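Below, chain A partners chain B and then partners chain C, in two separate complexes.
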Partner chain A sequence: MSAITPTRRLEPRNRLNPGALLSALQHVYIWVWLVIFILPFLTTVVRSLETPQGGYSIEAYRFAWNAFSPNLWISVKLTVATILINLVIAVPAAFAIIRHPVPGKRFVLSALNVSLYTPGAVMGLSLAITYAYLLKIQGTTGGLIAAYTVGTFPLMLVPVIVALRDLPEVYGEAARTLGASRLRTLLRIELPLLGPGISAGILLTFVIVFNEFLVTLFIAGKSDQPAALVIYGLLGRAGFAPSTAALAAIMQFTSFMVVLLFFKVFGSRYLKGTYLG
Partner chain B sequence: MARVRLVDVTKHYGDTVAVDRVSADIEEGEFVTLLGPSGCGKTTTLRMVAGLVDPSDGQILFDDQVVNRVPTHRRQVGLAFQSHALFPHMSVAKNIAFGLTNTRVAKSVVNARVQEMLELIEMPDFADRMPGQLSGGQQQRVALARMLATDPRVLLFDEPLSALDRNLRDTLKYSILELQRRTGKTAIYVTHDQSEAFAISDRIFVMNQGRVEQAGTQLDIYLRPETAFVAKFVGDNNALPGVVTTVTAGDDGQQTVVVDSIGTQLRIEGTSGIGVGDHVVVFVRPENIEVVANDEAVMAAGIVEGLVDQIVFEGPTVRLTVVVNGHPLSVNISGVDRLTLLDTQSRTVRLALNQPAIVKQNGNSVE
Partner chain C sequence: MRKYGPGGVLLAPAVLVAVVFSIVPLIYLVRVSLTSESTFFFASPENTLDNYRTIWNRYLPHVWTTIRLATAASFFDLIFGFPFAYILVRKIQYRDVVRVLMIFPLFGPLYLTYGLRFVFGANGPLAPLLDFLGLDSRTLLFAYPEQLTIIGMAIFTFPFMVMNIAAALTNVDPTLEEAARTLGAKPRQVLTRVLLPLSWPGILAGFLMCFGWNLGVFIVAMLLGNIEQQRVLSLTLYQKAMSQFDYGLGAAMGIVLMALAFSVTWLSLRFSRGALGA
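Our next item is the complex of A and B:
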């Protein structure tokens, strides 16, 4: 018989393919960790929806929003103020460190990052003492912003330094030969090109300051409390009430949305070609 | 357009001298190339003209104005970079318009100028592209358009073609020359590539270790090197050490000298400042050495016999290594017909040495 007989190479369908098994295991592994990570958040959301009668409603959210939206608003304002101050400090500092010969550069950089390695309670206590006895700004909004800035400006500085180090000086030089002053070169060329670093700094500062609790506990006054501190207070007074859970869920959701927004806006502009783009 | 003058321009970095008393007088509309190996100070010199580096000493003048203290953005120079340096966050049109938007120019004027520049570089439909979407050659053309858009007084080029492949380099170097000729602007061009320098320059400044070794036209540099460095750096050269045996002064003040070198007498005309007993190096280019028949009568600076050590076919030319009295000479022959003169048995060959250049031996600059 001269007809070509195809060799039968296909496996029987019902036999378990080792590749598929491995793939399934990988998926299970990822999902297990994902559930472990988001379980606290899910539990909080479920708790926030419970009613004393045993049913579910969004009543707790309405209550939390009415009672605590001023505190959420305070958190937002403090965060924005800290971000702006961090920017004003970090951008010139990064230029000084990267573009100019600063003696003992490594040491300066390590010293500037000390606040990142300091335990929150130690930081809170030392700031409280300083602000209460020396600067007399303990319990004020200004004191709170100052404390956040001290604690988080390295989070702005480091990404900006990394971005600036990777930014070839040739762009600025090209701009200057084309007649742009140093200020215009900074605004039109260098800052936009530092966008990824600056936006990463903004994101990090936001996530930390918006949710900051420990330093806040030491520095904040009795009135005008940020939302994170209110949650702590509620825990003490009302326990794990649905309204407490609702406020926590709102904060979590806000942070999550900011991160998503970040990747939506900056991901398409700057992260193309990276695994995030 | 401006005449550019450098007067003893010097740049130190700590104890290191990057540029050492460089002087130059570049005419309006002239195309000058700074040629030299990496680290010779050519780029630093160019950056001082652009104002990106401050000279430690000396003066830089545009026409009669000293510009040492004029910041880069007020010097009205155009600088083309090796990396093109197009702003990656701006479209082609915005890149070209950038220089114009730094001055108070009406938007309609800017747009018209951008279109004019795009047509000049033959890329009229590329206005909305981003630099990342362009090839290397297109990026460099846009960079040239951006530089010309502001109508600068001086054009500066910092190895603008060295990141491109060979074919593109050959095309673009003539585009650059044509743009410069058409605009009539003074140009200073930095390169380590001699063929580039020879193709496009009115004058070449050969630099080494921060100093100008020789400034002159292509022919001056190629045929009449004044220093051993220039003779060796530009083109291939055979360096033949020797001692001057006789000097005859002509009516025009120029000398004819005879040098005892590689076991023969080399006669060199048109020299000056050479004395009997001077230790010199005679440079003879491989293409100026000819294979001649034993009975052939030739006019040459010197005739030598040697043993063929190596023959390399390079297509249009054949490269021989011939050992003359223990001294290896490189010889380039165009075409294969002269090869028939080689004695395949004894491998001996008779060579005529033409167009020698002579440089006095001073210190360690000559091996």
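Our next item is the complex of A and C:
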């Protein structure tokens, strides 16, 4: 019998190669996590499209847009205002830290960064108390912008410092030697060269402020609330209704598109050392 | 090198904002924590240490719950994050895809937890998998509040762990691993004798960063936990101060939470190189 039966030999390519298997498993592991990252968003989108009758429609988006577009605009305005203020205070601060001798530099930097390490609820409560007792700006737009500014300008500071450190001083010196004024040197040479670092700071500020709800919860008024806080508020009232899901989907989609645009234009180099890097 | 005016003038706006809206409020928080209930806002505040005594006598379990959840979620991140970071740095080419998709948890725990309610809820996308594992997707949210809260916290902080470890592993020369293997080291030995010792500052920095974020858990415990998980300090201080107007006790809880967070931050800054290099 055995003489007739041809000896069965596995072809090499059919044999299970331990190296290839391990490599495949590694890719699977990464992709499982990538699915975990986007699954909550995708499920939110699916739920926002579902109707009580069991079909799908974009009715929830129409409703969310009609009811909450003022809040979305408030979020956009607050974010833009915070970004502008962050630019005005963080860019000079970065110049001071890199280019100028500042006594107690480490201590000053730590003091500037305190808000980064304060848990959101603690920051919210401390601001609520201070706004009510000392500054009398509870429930105001200015109070919100101040809170967002103090919470995010360190995130603007970091990438600008990184960019400024990479920028040789000779460019500015060359421009000055060739007769450019200080202001002209700053505006035409140094700030454009810092562009990617500054835009990284803008991106970080945007991601945080646009989606902030916790500090906001402590200090915002009852009306004119930013969209992220509206979502939080709806959890108690409308629960997990499609319109709430639609608003959450809109917020995430907008944020994601801005991040994608940034990566397309600037790459991720200047996000290194920040929490998006 | 005074090119654009003295450094002090350039720093002044930033320092002013930090002092008025971060340092002063924290000082007020300390002050309020030493007054009873909402008497701080009255003409004559009632000074007392009772708030801290109350925390010691009645709210210690809340402190432990906060620490327990943060520890568990951070270990979850560490165990799953190290292999992720290693594969990301050493094995794959599509790092930009990973980086872009890893952004989603960073939009914050609100949307993430909101989405997870659907994921773990009845007829969620995981229902077939859960059925296969013998779990009932209709009751999952109520049956495993502790596990789901930890998972929710861990997904939110996972990118922080991965980025810290990946940064550390990038600086470990791959030829060291090859050398160890050539000299006959088993994979486990390469890990424990080469990789872990060389990357452990990054691992520790990642762990502490995740721990610091996880200490402040609010919405995850609120939406995925039950009464036990909802005892975390952030939620309790919100209820005490903003719903029951017991500002004194709420502020004292805030001070305890901040003391925890700051000691962790202090440790992590000691161990990490620090993004600022300052």
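Keep this in mind: the second predicted complex is superposed on the first by the 252 of 277 C-alpha atoms of A that agree within 3 Å, B and C clash if a C-alpha of one lies under 4 Å from a C-alpha of the other, contacts with A are read in each partner's own complex, and residues count from 1 in each chain.
Everything that follows uses one rule, which is that contacts are C-beta pairs under 8 Å (C-beta built on N, C-alpha and C of every residue); 3 or more make two chains touch, one makes a residue touch a chain.
Every value quoted in this text rests on a predicted model; they were computed, and no experiment measured them.
Aligning the shared chain A places chain B and chain C next to each other free of steric conflict. In the superposition on chain A, contact of A:L193 is made with chain B only, not with chain C. More residues of chain A are touched by C (comparison of chain B with chain C). Once the two complexes are overlaid on the shared chain, A:P168 sits against chain B while remaining clear of chain C. Judged by the touch definition given at the top, the superposed model places A:T177 against chain B, while chain C stays out of reach.
When both complexes are overlaid on chain A, the residue A:K136 reaches neither chain B nor chain C. Closest approach of chain B to chain C, taken over C-alpha atoms in the A-based superposition, is 8 Å.
In the superposition on chain A, the residues of chain A touched by chain B in one structure and by chain C in the other are 182. Within the complex formed with chain A, the residues of chain C that make contact are 1-4, 6-11, 13-15, 17-26, 28-29, 32, 40-41, 80, 83-84, 87-88, 91-92, 96-108, 110-119, 124-125, 155, 158-160, 163, 212, 215-216, 218-219, 223, 233-235, 237-238, 241-242, 247, 250-251, 254, 257-258, 261-262, 265, 275-278. By the touch criterion stated above, chain A contacts chain C in their complex at residues 23, 26-27, 29-30, 33-34, 36-44, 46-47, 88-90, 92-93, 95-97, 99-102, 105-106, 108-109, 111-112, 114-115, 117-130, 132-134, 146-147, 149-150, 153, 157-158, 161-162, 165, 172, 182, 186, 207, 211-214, 217-218, 228, 231-232, 235, 240, 244-245, 248, 251-252, 255-256, 259-260, 263, 268, 273-277.
For chain B in complex with chain A, the touching residues are 50-52, 71-79, 81, 83, 85, 87-89, 98-99, 102-103, 146-147, 150, 156. Chain A makes touch with chain B in their complex at residues 168, 170-171, 173-182, 184-185, 188-189, 192-193, 195.
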